[in-house]
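What follows is a set of structures to go through.
You will see subunit A twice below: alongside subunit B first, and alongside subunit C after that.
Entry: the complex of A and B
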C-alpha cells in the first residue's frame, strides 16, 4: 500500500505539491493525470525515494520513507520499480547488461545463468527478440529502448511498479502490449501500478482508479466511470476525447 | 547584484568542495572499479594526447621566441634554454595546457554527465540499487584527475622539446647550447611547483566538471548551461589556484634562500 499524508514539496519559489494526500491499495492500477508540470512525476519520485518531501509523510508498504537513508531505501527499491519517461538506458552497456544491471546490483549472489534466464524471459514479454541483447542502446529505436527500460524494471519482479508515461513514443501495437502487461501483472501477481500518463484512452481502459491533480492537490479521485461522468470541469476536459472513443456509442443509445 | 554574484560564488564553491569530499569518502569506503577508471583514462586522456602534444610544443616554442627577444639585447642567449624551460615548467606551461584541457576534458565530462542527469540515467542507476557517485562519478573524476595530471606532465616535457626545436631551426641556437643551462636555471623547486600545479589543476577540472554535470537540470538548455559554467569556473579557478601556488612557492623560495 502507498499513502501520501499532507505532502508538501517546493522547488525554489514554486510549491508543486501543496499538502497532497491519497492512498493506493495493493494490486490497484492507479493513473495519475493532470496538466504538464503539475507534479505528477514528482509523486512517483517520492514513492521510490528519489525525492524527499519538505513536510508530510510518504508511506510505502508500511514504512515511512521521508527520513530513510540511501541504504534503507535499497530495500524499498528491490520491491518498487520505476520506468522513467526517458528510456534512461546506460549508453556504454549492451542491452543485456542494461537489463541485468539491477538484478546484478541487488542480488549479486544470483548465478549468471539465472540472470540470463530472467533477462530473456522479460524480453519476450515485451515483444523483443534476443538478438537485441548484444546491441547498444544507440542502435535501437526509441520505442525499443522504452521496452528495454521496462524489461530492466520487470526483471527484478517488483511488487509495485511506477510508470512515468510508459507508452509515449510507442506504436499502437506495443502500447497495447504494455497496457496488457500492466493489467496482467496487477490481476495475476497483485502488482500495484502507479501510472503517470496523458493517454486518457489507456487510463479509461485499464485503470482501477484515476487521480486528477491540479494546483498541487488531488481534485478528483475515482474509477474511470466516475471520472467520465465527473462534474469537475478539468476532469471533463481530460476525459472528453477518450470518452467519445470508448463510451460514444453507448451515450448515443 | 554584486552581493548576489558573491553569494552564488561562495555557494557554488562550497557545493563543489562538498561534492569532492563525498566522492573521496565514497571511494575510501566502497572503492572504485579500476577497469572503469582505466576506461575513463583511455577515453579522456589517451584521446586528448595529440591535442596536448600539439599545445605543449607550441607553448614551449612561444616561450623560447619571446624570451629570446629579451635575452638577445643583452647578448645572453646562452641562458635561453634554462629560462624558457623554467618559465614553461613553473607557470605558463601548466596554465595554458590546463586551459586547453578544461575546454576539452572538462566540457566533455560535464556534457556527458549533464546528459545522463537530464535523461534520468542517474536516477535510474539509483533505482536499480547502485550509488551513482561510486559507479559513475568516482571513475570519471579519478580518470579526469589522473589524465589531466599526466597530460600536463607530458605537455610540459613536449614543451621543452618545442622550445629546443624552435631554437635550433628558427633562432639559430643549437640544441646542445639550449640544454646546457637547463640544470643550472631550472631548480627542483621549479619542477615541484610545475608538478603541484599540474595535480591541483587536474583536481579542479575533475571536481568542477563532475559537479556541474551531476547537478545539471532542465533538459538540453540545462546541459548547455552546465558546460558553459564548467568552462568559466575551471578557467577562473585555475588562474586563482595558479596565483595561490605561485605565491606560496615564491614565499617558500625566499625562505629557503634567505
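Entry: the complex of A and C
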C-alpha cells in the first residue's frame, strides 16, 4: 500500500505539491492524470525516495520513507520498479545487458542461465523478438527502446510498478500491448501499478481508480465511471478528449 | 531558461523557431507526444492555423491517429520500409488492408504483431 499524507514539495518559488493526500491499495491500477508540469512525475519520485517531501509523510508498504537512508531506500527500490518517461538505456551495453543490468546488480549470485531465461521471458511479453538482444540502443526505434526499458524493470519481478507516461510515443498496437501487460500483471500477480499519464482513454480502459491532479492537490478521486460523470471542469475537459479518441474514428467512416 | 517552462510551452517555442523564417514546408516529428490533451489540442490548432495563414506544406510524423486524421489532407501508412497505403483519412479508415486495420484499431493480435512490429 502507498499513502501520501499532506505532502508539500516546493522547487524554488514554486510549490508543486500543496499538501497532497491519497491512498493506493495493493494490486490496484491507479492512473494519475493532470496537465503537463503539474507534478505527476514528482509524486512517483517520492514513492521510491528519489525526492523527499518538504513536509508530510510518504508511506510505502507500511514504512514511512521521508527519513530513510539510501541503504534503506535500496530495499524499497528492489520491490518498487520505476519505468521512466524516457527509456534511459545505457548506450554502451547491448539490449540483453541493459535488461539484465538490474538482476545482475541486485542478485549477483544468480546463475547466467537463469538471467537469460528471465530476460527472454520479459522480452516476449513486450512484442520484442530475441534478435534485438545483441543490438545496441541506438539501433532501435524509440518505441522499441521504451519497451526494452519496461522489460528491464519487469525483470526483477517487482510487487509495485510506477509508470511515467508508459505509452507516450508508442503506436496504437504497442500502446494496447503495454496496457494489456499492466492489466495482466495486476490481475495475475497482484502487482500494484501507479501510472502517470495524459491518456484518459487508456485510464478509462484499465484503471481501477483515477486521481485527477490540479494546483498541487487531488481534485477528483474515483473509478473510471465516477470520472465519466464527474462535475469537475478539468475532468470533463479530459473526458471530452477521451470520447473523441473512442468515437472519433467511427465518425469519419 | 528552457527548463523553467512546461513541456507544452517548449513545444510551442520549437514551432516558433521552425516558423520564424517562414519556410515553404515544415517537418514535424511527433509534435503532440507527451502532451496533455488540452495542450495537444492547442498545438494541433497552431499547426493548422500556421499552415492556412502562410500556405505551408506540412509533413508530420506521428503515432496519434486522431491528430493525423484531423489535420491531414493525405495520410501515408509506413510499414516494412515502404508506404503500404497513401490516401485521404477516409480512404485509410475504410481500407481493407489487414495491417492497417489492426493499426487503426490498436489490436494486440494480428499480422503486424506476427511479423514483428517496430
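Everything that follows uses one rule, which is that the second predicted complex is superposed on the first by the 242 of 253 C-alpha atoms of A that agree within 3 Å, B and C clash if a C-alpha of one lies under 4 Å from a C-alpha of the other, contacts with A are read in each partner's own complex, and residues count from 1 in each chain.
Going forward, contacts are C-beta pairs under 8 Å (C-beta built on N, C-alpha and C of every residue); 3 or more make two chains touch, one makes a residue touch a chain.
No experiment lies behind these values; they were computed from the predicted model shown.
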Kindly classify A:238 by the partners it touches after superposition: subunit B alone (first), subunit C alone (second), both, or neither? second
For A:47, using the defined touch cut-off, is the partner it touches subunit B, subunit C, both, or neither? Pick first, second, both or neither. neither
May I ask you to decide whether A:37 touches subunit B, subunit C, both, or neither, giving the answer as first, second, both or neither? second
Taking the superposition as given, does A:85 touch the first partner, subunit B, the second, subunit C, both, or neither? both
Regarding the shared-chain residue A:126, is it in contact with subunit B (first), subunit C (second), both, or neither? neither
Just subunit B (first), just subunit C (second), both, or neither: which does A:168 touch? second
Quick check for you: in the superposed arrangement, does A:177 touch first (subunit B), second (subunit C), both or neither? second
Which partner does A:74 contact after superposing on A: first (subunit B), second (subunit C), both, neither? first
Any idea whether subunit B or subunit C touches more of subunit A? C
Determine, under the contact definition given at the top, whether A:100 touches first (subunit B), second (subunit C), both, or neither. neither
Subunit C-contacting residues of subunit A that also contact subunit B: 85
As the complex stands, subunit A meets subunit C at residues 34-37, 85, 127, 129, 141, 143-144, 165, 168-177, 180, 198, 200, 237-238, 241-242, 244-245, 248-249, 252-253
Contact set on subunit B toward subunit A in their complex: 119-121, 123-131
Interface with subunit A, subunit C side, in the complex: residues 6-8, 30, 33-41, 63, 65-66, 69, 89-90, 93-94, 102-108, 110, 112-113, 116-118
Touching residues on subunit A, where the partner in the complex is subunit B: 45, 48, 50, 70, 74, 77-78, 81-82, 84-86, 88-91, 101-102, 105-106, 149, 152-153, 156
